[in-house]
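Here the structure is laid out as structure tokens; the discussion comes afterwards.
The chains carry the letters A, B, C and D, assigned in the order they are written, with residues numbered from 1 in each.
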Amino acid sequence: MHPQTLRILALAAALLATVLFFSTQIDGYLSERMFTRISTSAAVILPIAVGQAIVVITRNIDLSIGSTMGVVAYLTGDYLSGHPELHPVLVLCLAMGIGAGIGAINGILVAWGRVPSIIVTLGTLALLRSFLVEYSDARTITTASLPQWLVDLPQANAFSIFGIDVRVTVVLALASAVVMGLCLSRLRAARRFFAVGSNPDAAVMAGINLPMVTLLAFVLSGALAGLSGFLFLAKFGNITVVAGMGFELKSVAAVVVGGVSILGGSGSMVGVVIGTVLVDTIDNSLTRWELVSEFWRDALLGFLIMAAVTVDTFMSRQLSRLSRKES
Amino acid sequence: MSLAIEPGEIHAIVGENGAGKSTLIKIMTGVHQPDRGEIRVGGVAVTLRGTQDAQGAGIAAIYQEPMVFPDLDVAENIFISNRAESAVMNWRRLYAEADLLVAKLGVKLDVRRAASGLTLAEQQTVEIARALSLNVKVLIMDEPTASLSAHEVARLLDIARALRAQGVSVIYISHRLDEIFQIADRVTVIRDGSHISTKPIAEVTPEGLVHDMVGRAIDSFAVKTEASPHGAPVLQMQGLGRAGVFRGINATVHAGEVLCFAGLVGARRTDVALALFGIAPATEGEIKIDGAPVTIRTPAEAMAHQIAYVSEDRRKMGLAMTLPIFANISLASLGKLMGLFGLINAKAETAMAETYRKQLAIKSADTRVEVGKLSGGNQQKVMLAKWLETKPRILIFDEPTRGIDVGAKAEVHNIIRTLAGQGVAVIVISSDLPEVLALADRVLVMREGTQAGLLPIEEASQERVIGLAAGHDMKGAA
Amino acid sequence: EAVKATPGQAVNMVLLPKFLGILPFDQADRGAQEAAKELGSTGTYQYIGPTPENSAAGQIEMLTTATTQKQNVVMLSNNAGDQIAAVAEAAQAAGTKVVTWDSPIPSGKGESLFVAQVDFGSIGTVMADMVMSMTGGAGEFAVLSASPDAANQNAWIEAMKKVLAEDAKYKDLKLVDVVYGNDQSEESYNKALGLVDKYPDLKVIMAPTTVGIVAAAKAMQDEGLCEKVKVSGLGLPAEMVSYTMNGCAPEFALWSFVDLGYLTTYTSYLLATGAIKGEVGETFTAGRMGDFTIEADPGREGAKRVLMGPFTVYNKDNVEAASK
Amino acid sequence: MKLKSWEGMLAFLFLLTLVANAMLAPEFLTLQNQINLFQLSIEKIIIALVMALVIINAEIDLSVSSVLGLAACVFGYLVHIGVAAPLAILAALAVGPVAGLINAVLIARVGIPSLVVTLAMLIGFRGVARILVKDQSMGDFPQWVTDLGQKGFLGPIPLSLWLFVIFAVGLGVLLHRTGFGRQVVVIGTNAEVARFSGLDVARVKTTLFLMASSMAALGGVLYAARLGSVRGDAGVGFELDIITMVLLGGVSIFGGKGSMAGVILSILIILNLRNGMALTNITGHIQTGVIGILLIVSVLGPNLWERLRRG
């Protein structure tokens, strides 16, 4: 079996184990309600995790992704309060467009400025936040100023199966992961992300337009952060300058737990989805676990993430050794 | 520098290490931009701002240092830059075509496996397949055979000829003069970045070529040096093996003896060396040093037994490319240079590096130059210096003359012989059969992870070694 | 007799909020500017603050800088807890007065005075009363606070716990949990839902923080739980109006941050000009807001406060007007 | 060669900041301000010195600020429950090696990338600090502890500043003059080459993570002494500032390249710039933005210049 497939299996096993464990600890854990809780909460993070994954695959990192998301949520909300009649599709385009624009700035600095991505995005992480404080003038975007369809969006059901409600936001987030996943495995142009991350020198020698590919990765990551920003706006309605703070680390956590190599070149969207859900499930379940007081939660979350990664490392190593022996 | 390549010709370029061959290639493929002058393809002047431009103009290259994508599988590696492919991947077709190409090269390679962990030779195969997959007018091969063994070399030369027949111009760079004479139509010599001569192959002799390359006559060219008298057994391998990799290696290396490992690509010779050096320790059998059994689990333990391993992959395992020469030379013997509180004696370090720069004629202004800026051959010498400084008693050379010019090659051979003469037990892993025959006191032939034969040099002929390595020998015997 | 300010003196003042970029602090800035203008201070007035992610360290840094600049007074909404005490003491020693507002220095060290928006003890009572009215007198409720490090929130929660324990009329109210949303919408939202799932009989979520209360109200609204679980606490009318009108958060409280900034500036001006010494019992006039007396802070031993009060309880009768 | 010009540029930038500050802010050149300028960021800057070695080694330690917080809280907690301060200091310092060892084992032995390990531990160690102090603030340290953190030690210079000077020199020598430093650089350049040269890669990495955590724990004790009180959020977010200092110092995030002189210059620039902006009443988010721009421009500028020069 392919090592990547083994990775996914190991991860899925870890997720299953987590869910089983908590179902013995929390009453009514395996319920439709809990599905809605975790799915809608993970939906906000998933697009930025997907975007982060693309960037990480190209051997870069986007630390500005949380700030981007905050800026998008704020600017979109701000614009909507003046133009409530804007068509929903256009709103989505606007959000993703703003995100893509910010991503393009990052991308240009990384690709043509030849500034390492961690430096660029560490800089824009701060800059975007500064911009937002300056621009917002301490105004809060409130649900009252948003069009009703947006406020209602988080409760809108896309469909239900076996009594389980799948929300529109969840479908949107999953769609972004599926589309990107398909692109990454099927589109020749998208395969270049892997090539560039795997060996940048070789990519140049092979005639791949390295700056262009890097730029594209950042633009995608920005656009996906825009999607997250849109979902954030819809879900929380109240947007202040701190919106999205700390999401950069959340996205990196989801991506690395999801088995994307932090050194670039490998990773899959299925992994990212499982990684995101896993981290979010742990986080959400800990808040509901009677045995754990509020002050134990962070420690457990950190050590459980670590445990998940360690188990995943050992398991995929063991499995790939086994499969090598077979062949 | 002016150079005209005819359609359907195989044009060899030769020159010393650092003469500028690779640099010339990089200009032709748009990696570097020329300061002046122009490039014309089919009479039309082209500006190559990047490798895409070069590919568009029908120029492709196989570089000296293989360039693979470790995380992608072999098939994708081959087709990565192929513009003719559709926008949507058709994995099934991709694998089928890759299989075909690899088969054409006569190599056994699973095209679905990831490229990480491929041996250098396998990586080279991938590069060649990649270039072949492109529809090119000019194919440049920069030392494609440096890490190939006779069997694959023959294949490659066939392919080059086939391409020539299709009207493709092939530019062929190699330090192996025998190949040049087998295949080239014309040969160009460059020295110190300037064009020296271009002649039809029929008008040159090996001696003349070498003279042109180095600017003087070389007398020690490919001459078998005298065998040194053997001393006591230093290193013994008894039933040595590593689960799933290689097994049953039985050989003894004596002080002053040169034992050569021959075999086809992927015969697992390197893995034997890695086991001896503690990188991937042996799991079966026994290693004895001076008659006493030892366990070697780490390179440090190997070095404590005065074993040195000069690796075949300079870039990955040999040299820290962005560090200066002196830091690379002192790397394996830092302990010697450290004084109070572990401070490095900088003066002693520079002196040590200078000694080797002079002794091995490393071409650079001083030893503060970044190793990555040296030409391939000079890098090889730096790596050698690093290990010589550890004063080894058992020295393992893995492809020691890979990518080294004739002059330097003779020097390396001399060094190996001199070391043996000083009582060092030497193991040489080489895919260059003439080299094996020139250096060895005994030849150990490997095939698919097993020991196919151990021949004293008197019994080792080209045919015999190839036969053992490829497995024909047994048929012959049966 | 109430001391009156002599306008036109040179007092260099710094208003230092927890961090910049959110509404309450900007309102305080507005009030402070209004007061500074009225007082005709010929000194400088600065409104500077750290970034949210660097709040505690930033405040310590800014207070130190203000000391170096020999500012006459720094008006601090403390977000660093006692960690800022040493620096505040150094400021006092160097002649820079430290007047806290909104959130005091818990130990009172290094602080001249605390301009309290309301009596912390009475916030406890008000929070308990709001729970009382929403639960109908009995049932489970939980607190969704800002961060575990927020001194004012912690003090309020303590005060409420005390009231619950001491007054028999609250005996049927049960505080089941205190959780923290770190003043982030997303975390507060998830924590609110977590509470609902963990305590099926939960009737009220009490969020004494403007971010927390909106997030909790939105969460209940989104899950259609507004009938079952009510949200209350401290919130800005402008942000809460829709939830109050639709019944998700029928009642919440707040004071005027504009007034708080105004009063703090008056107090600071008087203190810096030496018109008042900052001793218990001194009375002064703070412009349009009238007379105030310095008193011992009942919640913090040895500390002194000026009590602004009162606060407004908002419900669907008055919230719309206040949100304009 | 590139490195030399980098440090030159930083030195120039540093002088520029000095001159601008001296001209714009009359308080700038006072001794107290100069001491404050270091003192306010002292924990960050001593950790940055070690972080430079970690990054040159092509690793990263995101957990330092949480280790700092944990050590500070261990100290605060122990004093709070009545343990003698010297013992409490020892226990807090011991947090360093313990945390470092956990990181090191997972990174150097199990082989999980350091970014992943220390990201998880950033959450984990902070969580342990929370378990200890909960929502409390722990202070009332003995006078000598706070004096050590706040008052002059040998003249007007506080202990922590002396420590910074000692560490700057010591770690500079360690990095540039010793065999260990050379191993750090080589491993950072190419760990495989180091392994094939007989270096004990795992041991060097282990040592570095132990050093980083130990320095962070020391920072935690200094933090507690400086502020006289600790809370669960002690040092939150310091890691980004620390990394900014190191990267602006010209240390390559890909490892193998960097000098202590550059890092020290970068520390000086950032501290002075922040101080100058604060003295001229520039508010928090603008300060942060300026540092952000500086970080990008300091790398972008030379790159563009190089490009222009080569045409």
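What we mean here is this: a residue touches a chain if its C-beta (ideal position, glycine included) is under 8 Å from a C-beta of that chain, and two chains touch if they have at least 3 such contacts.
Computed from a predicted structure; not experimentally measured.
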| item | value |
| --- | --- |
| Two chains sharing the most C-beta contacts | A-D |
| Chain whose Cα centroid lies at the greatest distance from that of subunit C | B |
| Where subunit B and subunit C are represented by their mean Cα positions, the distance between them in whole Å | 73 |
| Centroid spacing, where centroids are CA-atom means, of subunit A and subunit C in whole angstrom | 35 |
| Averaged-CA centre spacing for the pair subunit B and subunit A, given as whole angstrom | 44 |
| Contacts with two or more other chains, residues of subunit C listed in rising order | 20-21, 51, 53, 148 |
| Residues of subunit D touching at least two other chains | 130, 134-135, 285, 288 |
| Residue list for subunit A, restricted to those that touch at least two other chains | 129-130, 133, 295 |
| Pairs of chains satisfying the touch condition | A-B, A-C, A-D, B-D, C-D |
| In the complex with subunit C, residue positions of subunit A that touch it | 26, 28, 33-34, 37, 41, 44, 129-130, 132-133, 136-140, 142-144, 154-155, 232, 235-243, 245-246, 283-284, 287-288, 290, 294-295 |
| Interfacial residue positions of subunit D with respect to subunit B in the complex | 173, 177-180, 182-183, 185-186, 189-190, 192-200, 256-257 |
| Residues of subunit C touching subunit D in the complex | 19-21, 46-51, 53-54, 56-58, 60-62, 64-65, 68-70, 81-87, 90, 106-107, 147-149, 151, 154 |
| Residues of subunit B defined as touching subunit D within the complex | 277, 279, 298-300, 302-303, 309, 311, 316-323, 327, 330-332, 334-335, 337-338, 341-344, 346, 386 |
| In the complex, subunit A residues that touch subunit B | 3, 185-189, 191-192, 194-195, 197-199, 201-209, 261, 264-266, 324-325 |
